[in-house]
Structure formats: C-alpha cells, structure tokens
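What follows is chain A paired twice: with chain B in the first complex and chain C in the second.
After this line comes the complex of A and B, so read on.
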C-alpha cells in the first residue's frame, strides 16, 4: 500500500546508496572485530577473528542463512513473506536422515528425497496462497507449525540421525580448492537467484506483483504462477540448506534451523529490500547476510555471550526499518505543513 | 445462528470432541486433573483476548511469548525478594504495557509492518532475558498460589480469566471503543474519515495486549514453586492458533471473543485427547499446525464463495 511512493528517480539514488552504506558498515564491523576479536595465544600464534580459519568459519556458519535469505528475497519482493523456511529446513534434514538410515538409500538419493520434500513443502505454501488467495503471513505461520511438528513426529521426539559417511560430512567441514566446500554451492545459488531477479522477466514480474498485485494481473502477468515459483524455490533451497546444515553438524535433529527465518528476513530487510515488496536487490541481501554473520561470529570470537548476537540482530533490524521509513515520514510531514492537510496520513499497514 | 456460523461450527467441533472423550476416555473428566488443565489454559485465554483485539484491528503480535517470559521472570524476582503479590501484579502489568507500547509506537507511529517489528522484538527480549538469567530458575516459594491454598488459587485464576473474557466480549459489542477496533480492522481509511483515529486505536490495542500479557505472566508464575525464564516459548503460536481457529479473520474486522474461547478449548483438548486415545504425543504440534491451516482454508473458501 505504501509502496507507491518508492518508485521515483530520487528514491533510486537513495536505494543505491543504501547498499553502499551497508558495505561501509560491513567493513567497519570487520575492522572493529579484527582488533577486538583477534589475540595471540601462549606460543605467539594469532588466534581469533583475524585468522583465515575464522573467516572461513564465518562463511560456513552463514551458508545456511545465506541460502534462506537469497530465496526469501524474491518472496519479499512480491510483497509476501515465508515464515516456514526454518521449519522446512528442519523437516527436510529429518527426512534426509530417515531415508538414509532407516530407508537404507544411498546418500545421493536421500538428498534428492530431501530436496523433493522441500519442493513439496513450498508447493503447499504456494497452492494455499495462490488458489485460495490467503495471506502468505498466516499460511506460512500455519506451515511453520506443521512442518516443525512433522519433523518432531518423524524423529519420534528427540531421535537424532548421526554416523553419516565421512565423504558427506566433508561437505560441511572440509575445503575444496582452498575454500570451504559449501561455498561453491552458495555461490551457484546466489548467481542463479541474482540472474533470476535482475536479468529475467521473472524478476520484473516479482517487483510488479509487489508494487500492485491487481495491476500486475490486469497487465496480463501470470501472477499465480510467478508467486508459486517464488515459494517452491524457497522450499527447495531451504531443503538444500537443511542438507548442508546436517553435513556441517554431522547430525540431523528435529529442531534444526529453529529461528532461522528471523535471520533470513533480517538479512533481506537489512540488504535494502522493502518489506512491503516492490524494491530490493540480491546483492543487497548478500551484504545483509555478511553484516549479520560478521556481527554474531565476531561477538562470540570477542568472548561475548552467545545471546548478545541475537539481541543486536533484533535491534539492528528495528533500527534499519526505522531508518528506512523516517526520511519519508519527515518529508511527508514537511509537505503536509506547506500544502495543508491535503495529503492523507498513512494508516498502519496490514501484517 | 447463520451470522455466527463460523463460531458455532467451532463450538460444534468442541462438543463432538468432548462427547468422544466422554465415551472413549471418561477419565478425562476426573475433577483434579481437569481443574489443573483449566488452570493451565487460563493465562493463554487472557492473552488470546488481547490478541483477538490486535488481529481484529488487522495487526499481529508474535512477541507475546517473550513479553510473557520477561514479565514472569521480573515478577518472580520481586516475589522472591518478599514483595507482596498485590504490589507485584501491577508492576508486571505495567511492564507488559510498556513492551506493548514499544511495539505499538513502531507499528502505529512509524507505519512499520507488525509481523516484522514483533519478530524483531520477540528475539531481542528473549535473548536479552537469557543473557541476564542464563536460564536459572527463580524460587518464589511461599508466594505460590498468591499464598492461598492450591484449590482456592486455581479457582481464582480461572475466575479472573473468565471475568476478563466476559468483560472484553461485552465491551467489544457494546462500547464505542470496541466498535472502533472493528472499524479500524475492516477499513482504516473509512474509519479515519468517520472521525476515528486508526493509529491511536492500533497503538492502544498493542498496549492493552501487553498489559494482559503481564497479568497472564503472573497468573502462570504463581502456579509452581519456581519461575522458569524459558516459559512462554512458542506461546505466541498457541495464542494465534486459538484466535484464528476461533473465527477471527486474519485480514481484520471480523470475529468475537466467544469463538476464541471455543477455539482455545478445542486446541487445549487435543493434547490430553491424544494421550487418552493412545496416539503418540509428538504428533501434537503437527496436528495443531494442520488445524490452523484447516481454519484458514475454511475462511478462504468462504471468502471465495462470497466474492462470486
């Protein structure tokens, strides 16, 4: 509803600078933790944030959230939201473990099974949202509960799947051509989503739907099919994140990925994508992921308690949102004062 | 009957469930366990009343679980320091109202979407509480059941919840303030043109929900000897599920408190019913999710029919 004011020439310039500011913040974070989080141990070797190992660890830790944030970007561009990605991650991980251990399937087939599970989960979201035109918020809130519950039911409350073969565990912990093994996967998904959003008509239709769903429909866009693509993609990649998460930790549990939807949404919004839909970029999202990952890992390397990362991520999200609407509100108020009460005050948006 | 078809169908489902339990598991109706179950449900009911108002005004608050935990922990600390319950309860309510005002200011004042704001405050308050308490239990000892006997304490808690429910249900129907909430949820712009201030109404519903959450936190905390700072994890989902199943439309402007009561009791019966009927308990969350989706789909189908 309030997206209509975003698409002006001036706003585009501000939007470009948003990513630049985020980049500066990221560099500042990095420099701060380089000094606050790095130290020498007894034998004089460098430990902590400044080492290459620590940087690779940050990449490993942020890989799953990075994947979720990447596919959350098209969803939020359409003006929707997907709260179920963390639960889909956990459910797919459990299905993967179950197929491999109890179904005695080879690990590749089990992976395919998990990906199919994720696609089906996304398909359920998509069909409820498009066929019945239900709000994505409440649909994915329901599936958030459903998929986490199915994970618990399949895992029989507390059953964990472990003892995966070393070749699979390597995916989460070893290096390939000098970089963490999961990094190429993240890179491939990032490039694919970037091309989808920025270089195809699909990306344009996501934005169009976010700006004005009815307008997009009248313009002849297949709104239902485009929305379905965004949610199925989100489910499938959430399953991929579940597989990588299992490989990194060496086990699949029913509560895997709890709360990850928040970090993914934070990264997307931090990256400059409007939560109302219509504007945003994939490279912004990647910067947002990096900013959150460096903050949380940097704090723990600087010997802060683990909870500090959560508190600061939440506050960061509130501050970013506030900063994104304040200039508009102030300019509204100024024009309000000059032209008299002709411009209506914005009413609170629906959830 | 026709006007409240949605509420009656939930009440009917609840009735079928209660009859099935009476036939297959008569032990469900034994006195003391039943009283304990109702006492467990009472705080959720109080929060659900506030949540119904917020959802009717077309917003949502998923931070109530974290508000609940902080109010409970702070109240517990004061009780442990020997404060009387009569002084601690207002403090807890005020603290909850403060959290609600924070959400409300960001949502109504700045026009930010409530789902994202409350997602952020949910994590911030929860992690801040963990940081501070490190998960340690707070011993409130003699303050259990407000210092009353268990039975009197249980009836006090259930009675308080029912009085609050009845009062809000009456106010939503009979008072101008209650009609304002419906008006804002149905069409904020039309409400504004009719002289209502939608942003003020939205702000106040969040403050009200926070205050009720603070009260519910104390109603829950006094039920055991120790207050667990991890209490209220996932509470927001149980509350929203009850409200949505009870027939409050997520797109605002529709629903009433008696439907919420039926929805809450229906969901509260699932877990004991599963146990008594011999289904394994870890299916509970999946069934809860399926019921939310079912209610939402039913609303969606009805809206589609109405549009044709």
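After this line comes the complex of A and C, so read on.
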C-alpha cells in the first residue's frame, strides 16, 4: 500500500486509502454490469459480460492503455507528464511495419527496431527536459506533434501496413495457456514497474523529485538520471504497446494511438496519483485502468450507447476522487471545530 | 468506517442511477440502439449489429433510420453502435463485444479495411454471419457487400445529368477531392468513358482538387469561372465541394448561366437547390441502403439468401447481385422537387 498507509498503520488506514475506495467502486461496477450486461441467448447459453470471453476481451482492449498508464505513473510521480506516448505508440507501430514490409526484416527484429525507436523517442524527451530544463508539459506537447508527424511522413499518402503473418496476429487475438497472449506481457510490465516504484530506491527518488526537485538535488539524488529513466521507460513501453496494438488490429496506421495519452493520464489520476507528483501507486493505476475498461466495455456489452462512456468516466473520476478526499476534509473540519473555539472544551464524559 | 461505507453506497447508487437514466433517455433519440432484453424462450429474434464508421455522422444516422424500420418490419432486433472518435481500434472492440454478447449477424462500414477484417474473421470463425455495407472490408472477412453504387453508376449518372443541363454541348469543369483520392479517380474514369462515348460536343476544360475543403472549393470555382468565360457547368465530385462551388456561382452573379451539380448530401445543398444555384445533387438513398443491409443480413441468417445467388428480392423490389456485391441500384438525383423529403 502507499507510504501514508505504512505511517498511520492499521486496517483502518487501508480502508480509507484511495486505492481501497477505487477497488470497491470497481467491484460495484463489475457486479452492476454482471447483472445488466449478461443474458441468455436463444439456445440457453450465457452471453455477454458474465462470460470468460468477455472478461478476457476487456483485458485485451485495455492492454495498450494499461501499458501506457503503467509507465505514465513514474513520470507523473516525478511531477512531470508525457503527452507524447500516444504519438510514440503510432510512430513505433509505423516503424515496425516499415522495417518488416519494406525492410524485409524478420518480425522479431522489426519488433526490436520499434522498441529502439520508442527508447530513442523517450530519450529525446528526457534530453530536452533534463539538459534544457524545459517543462515536461511543453517538451512532450512538442514531441506529441513531432512523433505523429514522423509517423505520417514514414507512412506518406495514408500508407498502411498489413498482411502480417498469423503468428504475429495471434499475439493480439489468440490465447496462450488459456489467457490472451498479450496478458502475460502486461503482467510482466506491471510487476516490473510496481517493483521499481514501490520496492527500490528509484521509486523513492521519483517521489522525492515530485515533492521538491531542488530538495532532491540538494539531498544528492541524481535527479537528471532518474528523470531520464522515467521518460525512456515511457517511450520504450509505448512502443511495446504499439506492437501489441498492431497485432490486435492486424494493421499499422499513422493515426494509431491518437488520444491514448489522455486515457492513460485519466487512469493514473483515477488511480490516486497526484498530478503534481510526489504521491501515488502503481496498483492504483491498474485499478484505474480496470475501472474505465469495465465501464466502457460493460456499456457496450449491455448494448447501451457508448456516448455514455465519456460522461460516466468523467463522473467516475470526480466521484472517486471526492469519495477519497471527503473523509479527510470532514475530519479536518471536525478537528478544526474542536480546536477552533478560544475556550477549551470540557473533556467529554467518559462512558 | 460507517461514513465511508455510506459514501461508497451513495457512489454506487449514483453510478447505477446514471446507468439507468441513460437507458431511458436513449429511447427518445432515434439513432440510439434499443436495449436488448433477454430473448424470451419461444420467440427466436435475430439480433443484427450495425456498425457505422462514425456514430454521429448524419449519413449513417440516416442509414440507421432505414435499417431500424426494416428490422421492425422483419421482427429483428437491431443494435446500432459505432465509434464516437477516430480511434482505429474502436470498431474492432465493438465487434469483439458483439461476438461476446451473441449477435447473429454483423454488418459493418469499415473505417480501416484491414484492421477490421481481423476482428470479423474471428466473428465468422464463431459462426456469426458477417456482411459489409457502404465501405467494404477484405472479401474473405464477409459474405456479401451491400454496394450502394458502382463507380460506373455514379460516373455515368453525373455525366448524363451534366449533359442534360448543358443541352449536350458546351464547356464544363470538375472539382475533385484530391488528385490522389481513389474513389474520385474511379468515378472520373467512368465520367471520361461516358463523355467520349456519348457526348462528342461536351468539353471537359479543367479538373481541379479542393482538398475536401468547402472554402477552397469556392476559390477554385471562382478561378474556373474567370479562366473559362464560356463555362456552362461545374461538377463537384467531393461532397465538401458542392456548396463551395454553389457559393462561388452565387457571388459571381452567374446563377442560371453556370450550372452546379455534384455528389453530396441533400441537407448541405438544400438552400442552394431552392435558390436555383445548384441544379441537382446525386447520391444514393441512404435509408434504403440501411434497410437493404438489414434485409440482406436477415435473409443470410435465415438461409433464404446464399452465396452464389444472382438476385435478391424484397417485397416487389429485386436487387441484382454481382458476384458477392448486392447492388442498391442506380444513384438517385436530388433536385428541387424532391430534396425536401430527405433530411440527411
């Protein structure tokens, strides 16, 4: 659990944590759609939300945004932001397609090429942010356009890459040991990022930088190198998401991943990470991704209009954050009321 | 603790309340999908999923209206859902969800031909019938394509209409979308063919792009009129270009002198048609396209329509099937006599 949980200790703090509230909201959502989105078809078979296939498809659909949100978490913890991840996803996917189709490289090598592209893209963000000390918002706003433009330039005249071999398409659509093939990849990245953020000194320095970058620097932390790590990781994993997205659709196109950076940021913020940096958790982010994914696909499986998805995601964000800060606000007000009056209140009679 | 629980309960209630109020509010919007209740044991209702490129687009809303009427007549359940943004993956996700929720037929208009085909092949593998309409997918990913108009039909109709307005002789010019646009170049091929074959006294003097931009089309039309003083007609073969060309003719005070025709939506050209600037716009009847799509889907699922059939009859109308393309028929000419009957 989060650092604050450790400090205050006890089960009560766990139940008060943002992650727990979000978990309960997720369960509520899940139960709601289980009843609203599941039905029997004419032959009596269960169809809809309550089937394993539907649950696995929800995970398949949220895999790419899940990956982006996971690596967005360290970035936001440092008080930064990366608006370029969606564009890096698209650019890497195009580079992957180009290397495979026009470069005649094997799929595996083309994948490495795409990952290297993502790492370089993240490296460019990191260099501009650490060397020139430009605000991450401005740097990544620039590279957001830059990488999308590069993707469009490589795939000029709306060229798309398709006809990938079946073994590659399977990565996005088939099962491996009973689970969608991309799920183990998401799990490995999730565990790795969780360990990085919650079990290493790197994670502590991300938070320290988010709280006070100058303080972190005076404390002797290698701020530049830690920031570079966060942005290069974001770029590399965005490329990985681009490969998986290409496998799922069987097609790489220059506008792949448009707007995904905002979905990723939404999931991170919904997961309880402060947009100003310093506090947050990776498991919170995963819960945030799941809460949005269940909502979006749940609506669709219940055959409700997806326009409602945007409104409900917004409500979800506002309500969950309110539910998370309200108890604190109420208790603050109460303690203020207790200490506020000039005359000290008589101690309450003991029962 | 109690306070938190109360809050959570309230959150849950509000969330579920949102869901509920949503379903009731959609009942009033014509384009929204009806909620599918669990099918009652005895009656076997076909469930047809209709997937447009974009849900809010007036063209597809009109298709959906025709589709809904056809589905009601056949006693089928129609689900109309599509992306609300330009995310290429969304169409695939909707298809996945339809596979899981057990629809019988999926009918799509593909934004990404190859990408969507990947998901459709999965649907076919699970025994779901797949057809396409408006914009085709890969032929191996569907059984039939409900083709709204062949390039030949569009090209010949435009040229015939142009020749009729010019009295079979005179200069005309074409404003296209971009010089590389596949659809437009395909139409142009048949315009040229019809022109060479049937109208020796008509002369195509210019062929210019407008980049699918109405303001640019207006500028191009103005240039065309000054470059060719004897110009009798402007043919706009991008839907954005038709109102642009009409505005240019109106501002140049050449109403009646320079005719405007084109391929466009009736709603965007209604005012110009009534003002006598634009003579006619050519398109297919979108509601009939939606209805035919549902009728083909229904017949395919019930086995009354099979691959290899040469024609498809609904009521007293018979549609030709060319290979695996079900043809909607001749494009329709919208002019001042009938344009008010259409609202797309």
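The working rule: the second predicted complex is superposed on the first by the 295 of 351 C-alpha atoms of A that agree within 3 Å, B and C clash if a C-alpha of one lies under 4 Å from a C-alpha of the other, contacts with A are read in each partner's own complex, and residues count from 1 in each chain.
Note that a contact is a pair of C-beta atoms (placed from the backbone, for glycine too) under 8 Å apart; a residue touches a chain by one contact, two chains touch by 3 or more.
Worth saying up front: this structure is predicted, and the values here are computed from it rather than measured.
**Student:** Figure out whether A:141 sits in contact with chain B (first) or chain C (second), or with both, or with neither.
**Tutor:** first
**Student:** Just to be sure I read the superposition right, which of the two partners does A:305 touch: chain B = first, chain C = second, or both, or neither?
**Tutor:** both
**Student:** Just to be sure I read the superposition right, which of the two partners does A:28 touch: chain B = first, chain C = second, or both, or neither?
**Tutor:** second
**Student:** Mind working out whether A:330 is in touch with chain B, chain C, both or neither, as first, second, both or neither?
**Tutor:** second
**Student:** Tell me which partner A:253 touches in the superposition: chain B (first), chain C (second), both or neither.
**Tutor:** A:253 contacts chain C only, not chain B.
**Student:** By the touch definition at the top of the document, which applies to A:128: first (chain B), second (chain C), both, or neither?
**Tutor:** first
**Student:** Is A:318 in contact with chain B, with chain C, with both, or with neither (first, second, both, neither)?
**Tutor:** first
**Student:** So, does A:150 touch the first partner chain B, the second partner chain C, both, or neither?
**Tutor:** First partner only, chain B.
**Student:** Please indicate which partner A:265 is in contact with in the superposed arrangement: first for chain B, second for chain C, both, or neither.
**Tutor:** In the superposition, A:265 contacts chain B only.
**Student:** Where on chain A do the contacts from chain B and from chain C line up?
**Tutor:** Residues 157, 259, 305, 307-308, 310-311, 315, 326 of chain A touch both chain B and chain C.
**Student:** In the complex of these two chains, what residues of chain C are touching chain A?
**Tutor:** On the chain C side, the touching residues are 1, 3-4, 7-8, 11-12, 14-16, 18-19, 22-23, 26, 32-39, 44-45, 55, 79, 81, 83-89, 92-94, 96-97, 99-102, 112, 114-115, 117-119, 122, 180.
**Student:** Touching chain C in the complex: which residues of chain A?
**Tutor:** Those residues of chain A that touch chain C are 12, 15-16, 21, 24-25, 28-29, 32, 36-37, 39-42, 45, 47-49, 51, 53-54, 57, 60-61, 64, 157, 160, 162-163, 169, 172-173, 245, 248-251, 253, 255-256, 258-259, 297, 300-308, 310-312, 315-316, 319-320, 323, 326-327, 330.
**Student:** List the residues on chain B that touch chain A in their complex, please.
**Tutor:** Against chain A, the touching part of chain B is residues 58-60, 106-108, 110-117, 119-124, 126-128, 130-131, 188-189, 192, 198-199, 202, 237, 240-241, 244, 250-252, 280-290, 292-293, 296-297, 299-301, 303-304.
**Student:** Can you tell me which positions in chain A touch chain B when the two form their complex?
**Tutor:** For this pair, the touching residues of chain A are 2, 81, 128, 132-135, 137-139, 141-150, 152-153, 156-157, 259, 262, 265-266, 269, 275-276, 305, 307-311, 313-315, 317-318, 321-322, 325-326, 329, 344-351.
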